[in-house]
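Presented below is the structure to which this report refers.
Labels run A, B, C, D, E and F following the written order; every chain starts at residue 1.
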Amino acid sequence: MENFSNSQRAEVLVQALPYIQKYTGRTVVIKYGGNAMINPELKQQVMEDIILLWLVGVKVVLVHGGGPEVSGLMKSLGKKPEFINGLRVTDKETVEIVQMVLAGKINKTLVGLLENKGGRAVGLSGLDDRLIEAKCKDPALGFVGEVTRVNTEIINDLLERKYIPVISTIACGPEGEVFNINGDTAAACVAGALRAERLIILTDTAGILRDPSDSSTIISEITVPEAQELIKDGTISGGMIPKAECCIRAINEGVKKVIIMDGRIHHSILIELLTDEGAGTMFK
Amino acid sequence: MENFSNSQRAEVLVQALPYIQKYTGRTVVIKYGGNAMINPELKQQVMEDIILLWLVGVKVVLVHGGGPEVSGLMKSLGKKPEFINGLRVTDKETVEIVQMVLAGKINKTLVGLLENKGGRAVGLSGLDDRLIEAKCKDPALGFVGEVTRVNTEIINDLLERKYIPVISTIACGPEGEVFNINGDTAAACVAGALRAERLIILTDTAGILRDPSDSSTIISEITVPEAQELIKDGTISGGMIPKAECCIRAINEGVKKVIIMDGRIHHSILIELLTDEGAGTMFK
Amino acid sequence: MENFSNSQRAEVLVQALPYIQKYTGRTVVIKYGGNAMINPELKQQVMEDIILLWLVGVKVVLVHGGGPEVSGLMKSLGKKPEFINGLRVTDKETVEIVQMVLAGKINKTLVGLLENKGGRAVGLSGLDDRLIEAKCKDPALGFVGEVTRVNTEIINDLLERKYIPVISTIACGPEGEVFNINGDTAAACVAGALRAERLIILTDTAGILRDPSDSSTIISEITVPEAQELIKDGTISGGMIPKAECCIRAINEGVKKVIIMDGRIHHSILIELLTDEGAGTMFK
Amino acid sequence: MENFSNSQRAEVLVQALPYIQKYTGRTVVIKYGGNAMINPELKQQVMEDIILLWLVGVKVVLVHGGGPEVSGLMKSLGKKPEFINGLRVTDKETVEIVQMVLAGKINKTLVGLLENKGGRAVGLSGLDDRLIEAKCKDPALGFVGEVTRVNTEIINDLLERKYIPVISTIACGPEGEVFNINGDTAAACVAGALRAERLIILTDTAGILRDPSDSSTIISEITVPEAQELIKDGTISGGMIPKAECCIRAINEGVKKVIIMDGRIHHSILIELLTDEGAGTMFK
Amino acid sequence: MENFSNSQRAEVLVQALPYIQKYTGRTVVIKYGGNAMINPELKQQVMEDIILLWLVGVKVVLVHGGGPEVSGLMKSLGKKPEFINGLRVTDKETVEIVQMVLAGKINKTLVGLLENKGGRAVGLSGLDDRLIEAKCKDPALGFVGEVTRVNTEIINDLLERKYIPVISTIACGPEGEVFNINGDTAAACVAGALRAERLIILTDTAGILRDPSDSSTIISEITVPEAQELIKDGTISGGMIPKAECCIRAINEGVKKVIIMDGRIHHSILIELLTDEGAGTMFK
Amino acid sequence: MENFSNSQRAEVLVQALPYIQKYTGRTVVIKYGGNAMINPELKQQVMEDIILLWLVGVKVVLVHGGGPEVSGLMKSLGKKPEFINGLRVTDKETVEIVQMVLAGKINKTLVGLLENKGGRAVGLSGLDDRLIEAKCKDPALGFVGEVTRVNTEIINDLLERKYIPVISTIACGPEGEVFNINGDTAAACVAGALRAERLIILTDTAGILRDPSDSSTIISEITVPEAQELIKDGTISGGMIPKAECCIRAINEGVKKVIIMDGRIHHSILIELLTDEGAGTMFK
């Protein structure tokens, strides 16, 4: 890469022009998770992609979870993570751990990374200005919340002043409780409330496959009815079901396009937005 | 209290008028710590005091530390807290714990409490928009930082939009490191950078005493030279020395008045600002 | 009262919190008249109440009449006040007296009182920026006007810059005439045009009574249809009829709640707005 | 006049262009008094002149007194006007009459006249937002004040929103008293505080004359030192002395030019500002 | 004219008041062409009229063509102007000449004239910010365009900052071509897009005549249906047809009133707007 | 170029990040001329470079001349271009040709090109809002001007609204004359008045050479005193002298850095600003 000439560099920059023009001034919500959050090189690249988009005038909102790190701290503290239907059973102590890991460790570390690359980032949680409100999803799960409302005022205030909001997915309850909420759903709700141009969900899969065993059967574009059909007929199955449902929800709440993106690919966000190629499955 | 008549209530409100007028539109920084942060009733009262000041137009900035809770989590994780001259030895793992406890647990919990009382609060750390920059204080202490710069832009942006900024005292370093910093010093630096009208440092003492064994010898007002004299002659000693030095620093950086306040007294903040009484020692 | 401790004072302030939050940023129109305008102590208290509301962010608009003082000056000038159905017969000379007394004497004196208590007040009449337009009500009454239009722009300009508008109830006619208008009606029209949260009409009565001879039969809340019923069946009678009709008009023009308040009670405005008690009859 | 052709009219308008350009956006304070305030035709013309200036973008501030009408009402009320060195002896009752006549009758009537000609005017007194502050001039005179301070904020707020401020010359004292103040002095202080481009003082004289008995000896331009010389040598004498001193004060406080103008001449304000002719004496 | 007295001048200015009030803050589009653009004295007067309107707060937009000068330069360059149905056949070379003459020579010269009279003018063409978009009208005519869209943003930006936009009537095509467009139509489209209060089309005729040979048969006001009738019955004929159609188009696109004005009359614009007389035919 | 993979493209974009951050929000003035203005491919690339800089937040101002095209039209019109010391002798007819070619043809064509690439451009000349004022340089040269003042208000207004100002280098004189001015000097004056971060002068040379016959002797950076030395000792000679003097002037008027850039190199502007390479000579 180092051997590119400067005129080649200029050429590449210029070829990105029409793509930049398309997104400048628009809101793009990125749900950050999986491998892209663990692999240090991919992590650096996601940060670089965000800074570049921000510099060319895209309003980027970063939403993150952090399940593995929560389980890690739980184990260090001698608590055994337990799940029902993929949802973490969350007692009082656990939700405190979730809060510390998401809003304290991961959120501020991401903010720091963006700052170090020259961005201006401010970390938020669902508690700040009651950004994400939730209610108890199921008493059996404890402090697991279902999003009831997103208050976008603080996000818009920060975007207007050219900050990059970084949001950790915990929510506040009506009685002052804190809820652990699903990161993908939270991102979908935030993107919907912001009427975002794009929601990009970084995953560790290639996208939705017609044949899960064959990554060449990737479905590059899909409509909501088609996706609902594929859930029914079992093509979309397992952990992809909640992700697909999130995408459908986001589309229904007003997001223009939602992409389940392969976060294992280098600079996948930039490639998606600033070239004619895309990695993953786009919901319209 | 319940038996007060409404006309008595009205009378009290009206008598607070001149005090309210004095502070409306001014910036008051409150360093929150000690007993007032642990005792649930005092905690509720501090929150109520803040909300009331905010409603009558005071620009309140809440700065908090959280040493005991940091030590608590360290112990749960099998780490032994260690101190040199009262400063916590902070290795990489410890600074991560500090970050989680301060920016994750305490900060967001305080935000939640203020929200539940009807305020609009946003939690920040020294990492957000590089609010507090620091450098290594002493290699022997590890990630303990000395404040080098406070960037007030994000605080002012939030104050202008009528949010209450809640700030946890960690700082960012030049290489992207996170530093553990002394809460009182951080509050003094923030108050100085904001040219605050008042810095109130909540403590578990009555204030500065001429005779430490006799709380009736409280010094209610003191100038910077007098304080420096008392440090020299040993009247101010032990843990009160760094607190007094913080106050001196804040005054020198442009804060109008700094108060070491007895946080064990109910509604001590309101009483200080909205009556003619004061609890503690005021530096001018 | 002097013997209250400061912690008791703090307690009272804090208990007012939820009430303050309810009205901050809202518009409250106060029709000032009767005893509360004559008794010096009550007058001071009304001013204090207004300043306090103003400081906690309520947009207060003060509307005043001044019938007794008009009659007083008329008599000093050798003119005999004359009324038809409670309305002052107003010849050219009389309307000039009304203008002098209301817009000159009472208005500016009220402005001065508010200023001296630390408020920022600006006096207006219905002539300034054509704030209140009227037409002749009845040729037999001379320059008695019926409000045809309220132009709120100057009020809103002043409220936006944090002034307290004080309005004297004279109006301008289509040909440049000045009209004497009923103070309660003017207040109702102003409150309606401002879509006020509350209109408070200070009177010298306890409110609307089921049995006029028994002040314990006060009706604390009433709907518009109920009030219309009570007018029909004679429960509301005499001078209370036009007051009740004003309240109905204000509600119909968009004011949320209208209160006929007993202005003889100390700090009745604060008690109404900042406690759970109320003195008088509230129209919804 | 009616017989002018429209092309002649156009020609006149166009010839006013350079004069209009000179004053657009600038502040002109007009002290209104004397004959121009009494003669109905002149009064109409002053109003027309003000509206025209306002429409072409001049920031006009109208300051008025009203001595004769005050004396009139005093007499009707059986009080004998009394003067010491040309200053009205003003007891409590008298200052109330002054307030009623100036702030109630004259001020609002002028506002009404401007409104009827299509202007947007708001009446103020020295009490509104403490616009003019004064102290007692001489205990022997009672409530006669000496201006100590002009607070221009409310004037600037109104000018910015394109209103014409109309100011009656009473002032507020430190203890809430009302003071009767000299109109010319008040106008000079207001013009000075506003750093006005012009202060125009309408009088019933031709201006300053070298030979008071010969109106052809008018001095059309004069500097401050020259004027001081003429006071010394007696050329300026009698009632012209305080007027000249006002002009000197205004120049010293920052007004660019001050004119003692013959208000008996039709449209003298327009002629002064929009032609190359001027009526009266200009101080530089 | 020189012999008018200043009081006569003042009288004329004052009599213009109600007319000025009617147009201040409103948008008036002037299509400048014909004799008024060639005769130096008329040209000066049009500039003066525009500056006066601008100073009294009218938002003036000047639209110009320049056919004769285009033909002039063509001839100097050895090209023969050719017309089909009154439309100039415009090859690539010709459209370049049109661009140079209109956007370079005439536009900037007009800007210079307005500046020299004290105005603040900025010249635009249909290419700036794609102000006027067009498509090919007829391949036989070459680069003659039909307006498809007017983008008013740059005009509004300039008007808001108090500049006088001067627009030359060339347009941009979808492929980056430049089109020669009819000046009257362009003015009508611009006026329509701005929802102008008035469109004034300066011509070399008296207006629409019932009997073209008798200028006393001028129709001073006409409605759209009436005009369409007169086109049908031949009363409006020849070169007046496209002008009348422009007026109809402008009215249909939202302009309040359109005037075909006799530009040979001195100060015809001022007379139209600031007196009760009008020269030409007004479409409603 | 076409064969680059998208991940390679992303890599290039990301490597441009630090350069983009350096210039975002800063003003860069580009003097456009020479080969880069004639060669169609280079022309496209300059436009692309400008659009890219504009999109990443650089405030780009394009200044252009057009000598060859002026000479071209002169010849077509049978006029013989004549020069004294490299300055065009400019009679009345010639300055009109200059105006047409620069402000009409070249300016609007450049605006059109930028628009077609997605930019928002507005063409200006030195006449618009009197942007460039000049006086006669030498009567022997006729209408050749020397810049006396640059009024940046219209440029700043356009930059603030995110337009790209394109400026043709003619100037207005005190009497309304139009002056032909040297393009490089005009660009230097404009850049100085804007306190630009960079002035880039596109030329047809490699930059300043120590040995004019050997392009490998290029001087990549030079200070003002060094440049003055090289002029004295003859190293800088011929047509490079006025260019060097322009650069010196710009630096002296407050431009941070000025570059004489080889406009024959593809995307030389982007390479200069967005890579670590530079083509030409930079004055500091």
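Definition applied: contacts are C-beta pairs under 8 Å (C-beta built on N, C-alpha and C of every residue); 3 or more make two chains touch, one makes a residue touch a chain.
Bear in mind that the values here come from a model prediction, so they are computed numbers and not experimental data.
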item: Chains in simultaneous contact with subunit D and subunit E; value: none
item: Centre distance in Å when subunit A and subunit E are each reduced to the mean of their C-alpha atoms; value: 56
item: Between subunit C and subunit D, centroid-to-centroid distance (C-alpha), Å; value: 35
item: Subunit D residues counted as touching two or more neighbouring chains; value: none
item: Category of the chain touch graph - line, ring, star, complete, other; value: ring
item: Residue ranges of subunit D touching subunit C (in the complex, touch as defined); value: 73, 76-77, 96, 99-105, 107-109, 111-113, 115-116, 120-125, 127-130, 154, 157, 161, 163, 170, 172, 176, 178
item: Of all residues in subunit B, those that touch subunit C in their complex; value: 1, 4, 6-18, 20-21, 24, 45, 48-49, 51-52, 55-57, 117-118, 265-267, 270-271, 274-275, 277
